[in-house]
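Take a look at the structure below.
For clarity, chains are labelled A, B, C, D, E, F, G and H in written order, and residue numbers in each chain start from 1.
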Amino acid sequence: MLRRPAHDSVRTGAMRTPQNQADLGFARVDLDREERQGLPEVVYGPGKHAGQICAIVRTLIERNNGPVLVTRVEGDIAGAVLTEVPGGRYEAAARLLVWRPAEVMDFRVIVATAGTSDGPVAEEAAGVGAAIGLDVTVINDVGVAGLHRLLAEADRLREADTVVVVAGMEGALASAVGGLVACPVIAVPTSTGYGAGLEGVTALLAMHASCAAGISVVNIDSGFGAAMAAFRLARILKKQR
Amino acid sequence: MLRRPAHDSVRTGAMRTPQNQADLGFARVDLDREERQGLPEVVYGPGKHAGQICAIVRTLIERNNGPVLVTRVEGDIAGAVLTEVPGGRYEAAARLLVWRPAEVMDFRVIVATAGTSDGPVAEEAAGVGAAIGLDVTVINDVGVAGLHRLLAEADRLREADTVVVVAGMEGALASAVGGLVACPVIAVPTSTGYGAGLEGVTALLAMHASCAAGISVVNIDSGFGAAMAAFRLARILKKQR
Amino acid sequence: MLRRPAHDSVRTGAMRTPQNQADLGFARVDLDREERQGLPEVVYGPGKHAGQICAIVRTLIERNNGPVLVTRVEGDIAGAVLTEVPGGRYEAAARLLVWRPAEVMDFRVIVATAGTSDGPVAEEAAGVGAAIGLDVTVINDVGVAGLHRLLAEADRLREADTVVVVAGMEGALASAVGGLVACPVIAVPTSTGYGAGLEGVTALLAMHASCAAGISVVNIDSGFGAAMAAFRLARILKKQR
Amino acid sequence: MLRRPAHDSVRTGAMRTPQNQADLGFARVDLDREERQGLPEVVYGPGKHAGQICAIVRTLIERNNGPVLVTRVEGDIAGAVLTEVPGGRYEAAARLLVWRPAEVMDFRVIVATAGTSDGPVAEEAAGVGAAIGLDVTVINDVGVAGLHRLLAEADRLREADTVVVVAGMEGALASAVGGLVACPVIAVPTSTGYGAGLEGVTALLAMHASCAAGISVVNIDSGFGAAMAAFRLARILKKQR
Amino acid sequence: MLRRPAHDSVRTGAMRTPQNQADLGFARVDLDREERQGLPEVVYGPGKHAGQICAIVRTLIERNNGPVLVTRVEGDIAGAVLTEVPGGRYEAAARLLVWRPAEVMDFRVIVATAGTSDGPVAEEAAGVGAAIGLDVTVINDVGVAGLHRLLAEADRLREADTVVVVAGMEGALASAVGGLVACPVIAVPTSTGYGAGLEGVTALLAMHASCAAGISVVNIDSGFGAAMAAFRLARILKKQR
Amino acid sequence: MLRRPAHDSVRTGAMRTPQNQADLGFARVDLDREERQGLPEVVYGPGKHAGQICAIVRTLIERNNGPVLVTRVEGDIAGAVLTEVPGGRYEAAARLLVWRPAEVMDFRVIVATAGTSDGPVAEEAAGVGAAIGLDVTVINDVGVAGLHRLLAEADRLREADTVVVVAGMEGALASAVGGLVACPVIAVPTSTGYGAGLEGVTALLAMHASCAAGISVVNIDSGFGAAMAAFRLARILKKQR
Amino acid sequence: MLRRPAHDSVRTGAMRTPQNQADLGFARVDLDREERQGLPEVVYGPGKHAGQICAIVRTLIERNNGPVLVTRVEGDIAGAVLTEVPGGRYEAAARLLVWRPAEVMDFRVIVATAGTSDGPVAEEAAGVGAAIGLDVTVINDVGVAGLHRLLAEADRLREADTVVVVAGMEGALASAVGGLVACPVIAVPTSTGYGAGLEGVTALLAMHASCAAGISVVNIDSGFGAAMAAFRLARILKKQR
Amino acid sequence: MLRRPAHDSVRTGAMRTPQNQADLGFARVDLDREERQGLPEVVYGPGKHAGQICAIVRTLIERNNGPVLVTRVEGDIAGAVLTEVPGGRYEAAARLLVWRPAEVMDFRVIVATAGTSDGPVAEEAAGVGAAIGLDVTVINDVGVAGLHRLLAEADRLREADTVVVVAGMEGALASAVGGLVACPVIAVPTSTGYGAGLEGVTALLAMHASCAAGISVVNIDSGFGAAMAAFRLARILKKQR
């Protein structure tokens, strides 16, 4: 016997009130994370068809106030969703759908990539970051095999509130940037390269073993994770002021 | 033929002046990192004997102004060093030597551990953090296998500017804390446990694969790395105000 | 020279009688496992074409009395099989074919998932479990990044005879549930997520390294394995009463 | 600044009352897990000195009612503890300290080992199991390289309520037992053997990939984990009756 | 500058005469391995198009006397090759092309599989073995999860000169057979199964860690390797008589 | 807010002048690497569409003097590029596009392969090498399983200035060649083979663990890397003369 | 409750008679393996103290007829055992104890090592092999980095009935020998070397990925396993004659 | 039966004459590698006792003309050897014994380390290199976390004929140096660091995945390997002039 209880029937706990989540059948949409945590709502696109994305996005737009994002959406699905749920925007390079982008805060994030193949991950970091209110600048192609390119950007990097380093292969850019700047450095290993790069695992491990102190690392290819980590920083600044 | 050039003979580059490093023969002490990066000087103890530690510490104390730390020092070496270089303090639980600790900043860091065996790493994070000016509170033993213990601390965790989560085994505490607080969460995987824990690698991977958005991770057992990552955050706050 | 002995020619051992297996040429169907072990017959679908599945299922239906299942069957093959071997039912979400489902026993199993992407594995666990007589309830989307969702279900979880936890990424839900309930917890790591999740290996290792005592784990994505493990539990209860 | 708050000061949450934990400074002893979960209290010995063990054990004995266990204790520490906290018993083969062993329940567990080198892990499983009330029988040395030894025990294995299989090297015994019995099978990989055994990782993976349906697995060398998993089973039986 | 020397121009070494290899441009066909080593010529199909296979096979047929085999050939390529180089035979299940199969020797090889999904690898072992003169019998589906099936074949297994065990998942069949027979046992791990089976690596490691003495192992899925290893055994028998 | 600064606006650093790089929007073309390092410009093809390749190649041809290469280009893209940027040549076996190949230097490189399946990687090494001025000879199919083939080439190998060994599977050829010649040996592991070859990782590790002294290794399948390593050698010779 | 049944009480199965095993309490000595399988009795020494070894050896000597061996015994334990159980011999290099060595059979085994550090494993192979009746010759130090050393032994290798190749690091000797001889080749990877050798795992994988056909492999450092595999070969020869 | 043939008895092959090796019983000393390959003789110390080292060194000194080295020798053994075989020198930092060091060639090698903990490996590279005739300069502590230190040495690095980069942790220095110089770069990963450094495996993989073209890599901690690779380069230069 297989039961699928209506979620409503279990709303008895002290920590859970009827209005704080929406039961769409296929998903339990968390409606007060925005209020509870102050973090924006970001939907992970892969594995969801256009209809499901529309339902989730509509619920979030209706019941919440902040920005609504869907990541890793291919163009055809994005088109279908935007037709159904107007008011949004698709950023193809970032594979990102955005409704109600946040107002820009005074928190400067630089997303720096080692090479052109790290571009798509950097675009996700930049796109998500801009949509949730960060003041993002992208600097491409400053990998350590051409140190002069990195050093030429040193002053600009030093003015950032946070640097997101996006690098695959051996991930060395994270160490070099970590030694140049004093602000937080969030390293994103990417799955670019081949062979000994082990689809990003080598860069992830290398960034952790970095000789530069106080670098922190997020998951392979997770531009989204880096943007959210930067947002957490921006938020304490805002809170303190 | 084996040459060991005096470092002085090569001080010709534009970026390098005689006063910015000290050549101790066995080490090239970076004297202006403090000024250049604003990061404190922390010496990694293992593999250095008491005499070498003394020489480095003396140089840093004489030529710099900030705190001077040596990590992962066993008690006997610490004793020998303190006799030679007075004015310091040894924190046995953190295996840390400190001279000229920094004044405390208004930046509250909570170091939360999953279990008692994560203690030594948490002590390193807390000891280094306090010595470089963070306002650190330690909360022990709030692993997810006893959620009530974690939830009882939820309010306090929410008041922090940053939470450092120290957890071995499966590292699940990082995800749980990431969902409770909106501030930055720095996860430190530890090498506690046995078997499938793979000496911390499992916790490191699990923390990266975490379902909570915006968590960042430092190297296995690196309480030092977590403290430095938190310091980078504190520094931008200070800069902005 | 390549010989393919008729299996009949070797039926001489004391432990093996002609009626306890059927030689279909491509498979040796074990006809008395049901009686010998009391476990239901479940056919693994991948790699078998519709004709082979039909032959095996027909043999099991004719010679056995219990439920007959085929797992991981795509819709088109399922359709072809059901046309040939009537009386069955296809559950698309679980990718499961069932004939003669068992009567429901008084053994309550809750299948809890961390996120929506764990759904297909949970459906397999639930579908197989229900077909072999377990009283299954599915609770979706209670991952530890939103503890309030999990805690809201705590009472219901505590009423179960067994909880099957289906979680990918870092698999932390298994530890949290293990700390909430006293009944058996069977953890199923899933291959959801990307990067450091290593296609389920990280969750598998993390669940083993769990800080909650007495959790046991089955293979990655094996909803089937979890259902069978739960069935073994249900059967001893039945035996004892 | 480093603060170590008295735990009492944070006792404000709804789920946490002053009496449900004891703050020993170095550990937060969970005093109502016994009541909350019905699981016995088991202290993990390694990394704790005799004084710490004494303090924890005393607290548990005073405030709880059930059995109190400490695992993986070497003989000299055990002696020191028993002198301080009388009424206990040391089981050297299991490296286990026990106070107030539970009354035996009607739940028969067989602990079967593949070879003599798996003995210490089996002893831990058996010792912990007996101390928490299971009716444990140990059967040694029935690895699959000598199937007649295993088959000679088949009838006895079939009478068990649960079989704990302890096996290192290739871990094949778990599959063989899984095919012989219908009751729950809990597999414990051990770190015995050398080379390709990879200190138990091979056995762990092999047990998960087992061709026998419904086997579940605990961590490498975790005799304790297997006993606790069996206890969870025993407890639902008891509850139902 | 890129030179591609005619191989003829370098035939100057004492160990190499013009007639012992044929330069086909894309391959250097070893024409006297048959005489030098007494091993048959087996061409690895993947990555070679029909034209290349034809050229190599023709050369081997013209200049050598023994059997000529091509492994892992899909049906369409096989058809094209047989049209061009008549006299051969395609064995679809083994994906094998054979010309001039060897006379059968008095050397009985049993190829035993754990499950039906190990079939293709077993077919390669059996097909190659039969083509090079071994007296091969296939026994399917005798995995250790149903020991009675294996034991029913024990007498037949004991009459073999060599047993090739083909098993994926946990590979336990190799240990069980190793304990039943005294003749050489060649274990072939297969990449069947999913999750913790790690595409055959788990079975490979498990077979090496086997508790049965004197088993040897070949590469994952290498039915060909097992047949050749058996051939080496057969050849010393023949030599000695 | 997402800013994409014109690269020109940041040309302020001492090490960076406007003329030393070209901003194509999607890439920052390094125009003085040729002068700065003396290394030729090689563009990595995968992930770039024909239009992007054309733009980069045109820029390099206009502003630099040396050879311009694009690696790992499929035939259809190559055709499209050559139509747009005339004067180049496509080498299909090497998947290489070349404009302005360098004059041949007096530096003899032998590229030796273990087997025919290592061919494509060897072709990349040879093609790139020849295009940048090395005097390359290819010797195929001299793997250690047929030592006479290798020994027949020993004299020729000893005349080389550098030997590039291209080998997959177990990579043993590198050790054997390392013991035959005194010149530099650059080993390229390839991802050929299956199972235990782990897609080239086994060969990479084996080449590093080689018993022959002074062998060095490049990335898996990196014929390009080997050619560049050889070029670095050739360049010092040239410099010294 | 913890029961330890006398093994005698379960001697009821058809396949098990009282005389075929001896219950020493700590071990179940298999007394008819010699008769059942024709394989000699070899006791694995590590983890057993002198008293246990004495008891097992005495039982085997009394009740069986063939050779009795104990492997991996350090000198002091060996001395103690020989005092208690006279008539045996200790071979220090092989760390082997032997009683009643077998008569030598007409089966020539060559144990060839790549380097001197593979010596101890080769000694185990040779010592065990000689003790169980093989006609063993050891050839040291013929690694592929000095092919002339190997080739100088080629004729002798070709006269063997079986070659055991003992090699660590990259394990290339197995491939080279596999290409020189037609008889069975049993490869033993050793844990010698450092770094990329991964304590023998690299050699194990490399030997499996070998380009020489029909090589089989045993566990890392298992000289014993190689000797037993060779014995299995010798035994079929003997049977056939 | 175990035979240990005098090596002399097999000196019959065409490629092997009595004078080209010396049989010391425990080792087969290769006496003409110097002439055959032009590579110096370097003995690997670990696992050999003082007596064995003395015998090998004496033989090499008597029968050869070039330098004789023993690597990784601890001080006490070194002392004992030097007493027996006078004329040598012990370099403690490099753990190296040297007799008859070679005359210095005109080939400048710079050994650059990332940090002080890479020192011992760099000392081995430098010590071996100087002893075999390279003109070696050591530059310490130029890791990428302090780019100004590296850039200050850029001119000196550009004057080298070869740069050996010794770096553990994430190994990023290899990429940075690879982008600064045009000469050959030999990267030596070291096992320094902890956690995610995986004892040098991370650095090894990262160096292979490097974004700088034409870098080659030797085994973890193999200062010796790097020196020998550099020697091979020096030798072709010498040959060409």
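Everything below uses one rule, namely that a contact is a pair of C-beta atoms (placed from the backbone, for glycine too) under 8 Å apart; a residue touches a chain by one contact, two chains touch by 3 or more.
As the structure is a computational prediction, the values presented were derived from the model and not from experiment.
The minimal number of chain-to-chain contact steps leading from chain A to chain G is 2.
Taking D-G and A-H together, the chain pair joined by more C-beta contacts is A-H.
Comparing the CA-atom centres of all chains against that of chain C, the greatest distance is found for H. Residues touching across the chain A-chain F interface largely differ between the two copies, under half of the numbers being common to both. Averaged C-alpha coordinates put the centre of chain G at 36 Å from the centre of chain H. The geometric centre of chain A is 51 Å away from that of chain E, both derived from CA atoms. Our note on geometry: chain A versus chain B, Cα centroid distance of 26 Å, whole angstroms.
In chain H, 146, 151, 179-180, 195-198, 204, 208-210, 213, 219-220 are the positions where the chain touches two or more neighbouring chains simultaneously. According to the touch criterion at the top of this document, the contacting chain pairs are A-B, A-C, A-F, A-H, B-C, B-D, B-H, C-D, C-E, D-E, D-G, E-F, E-G, F-G, F-H, G-H.
Here chain H touches chain G in the complex through residues 1-5, 10-13, 15-16, 20-21, 26-28, 30, 33, 36, 44, 46-48, 189, 191, 200-201, 204, 219-222, going by the rule given at the top. Within the complex, the chain F residues that touch chain G are 114-115, 143-147, 150-151, 168-172, 174-176, 178-180, 193, 195-198, 202-213. Chain D contributes residues 104, 116-117, 119, 126-127, 129-130, 134-142, 146, 148-149, 151-156, 194-198 to its touches with chain G in the complex. By the touch criterion given at the top, residues 37-39, 42, 161-162, 179-186, 204, 208-210, 213-220, 224-225, 227-233, 235-237, 240-241 of chain C touch chain D in their complex.
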